[in-house]
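See the structures that follow.
You will see subunit A twice below: alongside subunit B first, and alongside subunit C after that.
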Partner chain A sequence: MMKVVEGSYAIADAVRCCSPDVVSVYPITPQTHIVEHLSEFVADGKLDCGYINVDSEFSSLSSLIGASAAGARTYTSTTSQGLALMFEVLYNVSGMRLPIVMTTVNRALSAPLSIWNDQQDALGARDSGWIQIYAENVQEAIDLTPQLYKISEDPKILTPSMSCMDGFILTHVYEPVEFLDEEKVREFLPPFRPEYVLDPKNPKTFGAFTDPSWFTEFKYLQHQAMQRSLEKIEEVSKEFEEVFGRGYGGLIDTYAMEDAEIVLVTMGSIIGTIKEAIDELRSEGVKVGLVKIRCYRPFPAEALKKALKDANVIAVIEKDVSMGYESALLTDLKGALYNSSIRTPIIGFAVGLGGRDVGIKHIRSMVEKASKVKDAGIESEFEIFEVKPECL
Partner chain B sequence: MKEIRFHGRGGQGAVTAAELIAIAAFEDKKYSQAFPAFGVERRGAPVMAFARIANEPIRVRSQIYEPDYVIVQDVTLLDVVDVASGLKPEGKIIINTDRNEKDLKLKTKAKVVTIDATKIALEKLGRPIVNTTMLGAFCGATGEISLESINKAILGRFSGALGEKNLNAIKTAFEGVSQ
Partner chain C sequence: MQESLFAPGHRACAGCGMPTAIKLVLDAAGPNTIVTSPTGCLEVTSTPFPESSWRVPWIHSLFENAAAVASGVEVALKKFRKTDINLLVIGGDGSTFDIGIGAISGMFDRGHRITYVCYDNEAYMNTGVQRSGSTPFCAKTTTTPTGKLSLGNPRPKKDMPAIAVAHKVPYVATASIAYPVDLRRKVKRSLKADGPAYIQISAPCITGWSFEAGDTIEQARLAVETCLWPLYEYVDGVLVGAKKVRRKRPVEDYLKTQGRYKHLFKAEGGAEVLAQIQAMADANAEKFGLLD
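Coming up: the complex of A and B.
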């Protein structure tokens, strides 16, 4: 049954349906409502789990290392400064191959202080060894939750994962969503039964000192698991669709791609607005399509090569900047295509930084710029979109 | 699709009102979306919230710049915020005020609907919290959502005597603008 609820409530309910054994979350805007609802569920007896109150995000994720290594299914969530404070722990989690699942609410990083949405926080954690999947809407974020547990906990993967959802835009929106059916989730997601756990009767050490003779092999195996997850993510996505009747296309999804000359590539909640803009433009005869990145890490290079092979110009739209170069997805995409036969010009736009609203007219303006590239070649490969004239 | 923009002051429940419209519209078998203007909420500061109602799933997520309807919970906002900004000429703006329309000097071609929601709220709720009363006025003035559905949404949020008081306030406002 569909119901109109706040995004944060819907996520908390999805987490509840996945029956985590241990939850440890530290509140921070705009993620706070997720924490509040989870603690309500625990207090009301609707979620039977260990709930650890902590003094910081560093502690929340650290405490889950112990819980996960002891064989518990674990959950946390954070955003922005909280994720930055977790940075050291992120690498420990992935290095110890602990399948912790986290909802990363996307928000700008200080300074200047901004509580609003962009994706600089998660993009900054790109190389931390966590799977990152971005949700377009609340329903996709709900449905991602059990999928991520299934992917992360697979004995061949054992890699933590982040469900990334845009702060405020998705956490605070009220819209109709379909709740997960607990029984179905139980069928879809088997209990977490790791082979190696902390056990006083059979002591083991996780994450201990490794000298140079073996460190490389640890990283190689981690990288291999991440590569393997590409297939697993597709597989779990299909399986979810079979059980729940809702699908999102696996690693990537496409929209209006038949005969598309201008192809936009992006991820997150901006996609809804882009689809509206594409419908408008298509009705005016502009051949524009969309490739939606769901899975950003591991990077779906092969899927992207396939999807983009017939484009005349590619425009990457994203909410992050790597200062002194360009935006991260733009760089990654160019890298993925460089050794292929695709020689399509690629340009990029950094938009929506620190919560600046992106509307249909902005998408249209970016498509127009991309269209000029098609005829006249690249004039500007990367731009921070619509900077106020007094700063130019 | 119909787009609604709420103007209020922090603490007046503009965000709650937008949420209730989304819930009520869904009760009416329509798709809906509501979200705050993501401000740093402080009591008394001007705040905005948005709602969309449509017959098909709503994908667009930008803020609302050309609303079909504007709801103003506090008339003193007219001095500090251009509440009618972008309002469609065929749209409506519903303002909580005891002044008449001409005195407000609004720059809009849209229909201006005034209602003394503060008076109604004080009478029916005993508090000058007008967000639910203004929903009654919205129902009456626009017909975009049914009174039954807004009542149902209200009772889902406020239980018992408080819920009943709110329904009373809504009914009074609904009848006040429907005449």
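Coming up: the complex of A and C.
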């Protein structure tokens, strides 16, 4: 049965269904409602877990290191400045191979201070060794939660993961969603039983330091686990669909791609708007399609090569900028295609920074720019979209 | 005698006070213990992969988060109904007094049942003797050097035990490797406390303090006998005891044996500083009732 709830409540409920042993929380807009709802579940006896009100996001993720090493299934959520404060801990978690799952509510990074959505925060954590999957809508974010535990906790993967969802747009929206069925989650997600835990009966050393004769091999093994997760993500996605009847396409998904000449590539909640714009444009005869990136790390290079092989022009639309170059997904995608036979021109747009609304008319304008590339060649490889000259 | 829970073969300097402190702490806590350590001398000298000196479970994450990591261990064990395990954090003064103090404050504030042990060697020794919040007044370090305009560290040592007491934690104590019976008793007592505990142990550093080889324990003893390192205990915020100093020695007896204070006996203004340090020792004797 569908129910209309706030996105944050829906996520909290999905976390509850995954039965975490330890949850660590710290308030930051627009993530706060998730942890408030979790604390209500604990207070009402609906979630039996250790619940830590920590002193910072740095401590929230740090406390989960201890909890996870002691054998606990763990959860926290954060956004923007909180994620930036965790930066050092992110690398530590993945290096220690602790399968922590975190919701990253996507929000701009200060300065200037902005509490609104873009994806600069998570993109900045691209290389931290965390699996990153972006949700298009609340339902997908709900359904991602048990999938991420299953992927991360696999003994062959043991890699932390973040479920990325756009701040306010998804966390604060009220829309009808299907809640997870607890019984089905139990069937889908086995209990967390790590091989090594902090146990006085079997004392082990966690977090030793290494000299140059070992460090490379640790990183090699970590990289291999990440690579293995590509397959695991697809597998778990299919399994989820079998049990729950809802599927999202694994690493990537496509929309209106049959005979598409102009292909938009993007991730996150903007996809809803893009699909509407595509429907409009298709009805007008414009052959435009969409490749939705669900999994950004590990990067689904092979899946993208396959999906993009027949495109005439590719336009990457994303909510981040690497100052002094271009946007991250654009760079990654160009890199993935460079040694392939695909020679399709690629352009990129940074949009929606600090919460600026992106509507159908904006998508149409980007498609129009892309359509000119086919005949006139690339005029601008990358642009920050619709900068207002009067504000400069 | 039982096998030490801190195995030999660690890489600490000959004459380092820290391993003595660790052995005494683990000896008191016993094998049913989990230790969390921040980055520092202890971590790098005891766990060069694939070796480890730890015969109890041990975890290290970062420099400034040991108290938070240990909090997570405690909450997880509580969830698993394993509440009989002793939980220790053992870290140096840099991580305790400075970079990790936020996480420690959180751990104290939330009331986790963890004993936080600081082995205090009064500077960042792992990186090569830089000033920390624990460095005493006018000690020379590589970031508070002596010079025409400097007599060393311009600030007094931060009163970390008082900060712990201000958090209303049930047990706070100072200890010294020169008083092993007292140290072990305090660790045992701390582990019975119904909540967080803080123990700060004087652990002289031979390279950072620059004293004669073989003098480590003597240095720690002199700190106590000069009243510069009072040994005391607070239970539920109340001072319940302090080790009496039978024969109070002048601070010079302690300072003159260490390279980090050498300038005070030569440079202009040194005599005034020595008088100031003596006044600090006298104030300690008065405050904690160290003399009969």
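As a convention for this text, the second predicted complex is superposed on the first by the 389 of 392 C-alpha atoms of A that agree within 3 Å, B and C clash if a C-alpha of one lies under 4 Å from a C-alpha of the other, contacts with A are read in each partner's own complex, and residues count from 1 in each chain.
Please note the rule applied: a contact is a pair of C-beta atoms (placed from the backbone, for glycine too) under 8 Å apart; a residue touches a chain by one contact, two chains touch by 3 or more.
Everything quoted here is computed from the prediction, not taken from an experiment.
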{"item": "First (subunit B), second (subunit C), both or neither touched by A:F168", "value": "first"}
{"item": "Touched partner set for A:G272, first subunit B, second subunit C, both or neither", "value": "first"}
{"item": "Partner touching more residues of subunit A, whether subunit B or subunit C", "value": "C"}
{"item": "Which superposed partner A:W116 touches (first subunit B, second subunit C, both, neither)", "value": "first"}
{"item": "Partner chain(s) touched by A:A69 [first = subunit B, second = subunit C, both, neither]", "value": "second"}
{"item": "First, second, both or neither for A:S24, with subunit B first and subunit C second", "value": "second"}
{"item": "Touching partner for A:E40 - first (subunit B), second (subunit C), both, neither", "value": "neither"}
{"item": "Touching partner for A:E381 - first (subunit B), second (subunit C), both, neither", "value": "neither"}
{"item": "Subunit B and subunit C footprints on subunit A, overlapping residues", "value": "none"}
{"item": "Subunit B residues within the subunit A interface of the complex", "value": "18-19, 22-23, 26, 31-36, 38, 40, 58-63, 65"}
{"item": "Touching residues on subunit C, where the partner in the complex is subunit A", "value": "31-34, 36, 43-44, 47-50, 52, 54-62, 64-65, 67-80, 85, 102-103, 105-106, 109-110"}
{"item": "Residues of subunit A that touch subunit B when the two form their complex", "value": "2-4, 6, 30, 115-117, 137, 168-169, 172-176, 269-270, 272-273, 275-276, 355, 357-360"}
{"item": "Touch list for subunit A against partner subunit C, complex", "value": "21-22, 24, 48-56, 58-60, 62-72, 74, 88-89, 92, 96, 198-200, 202-211, 214"}
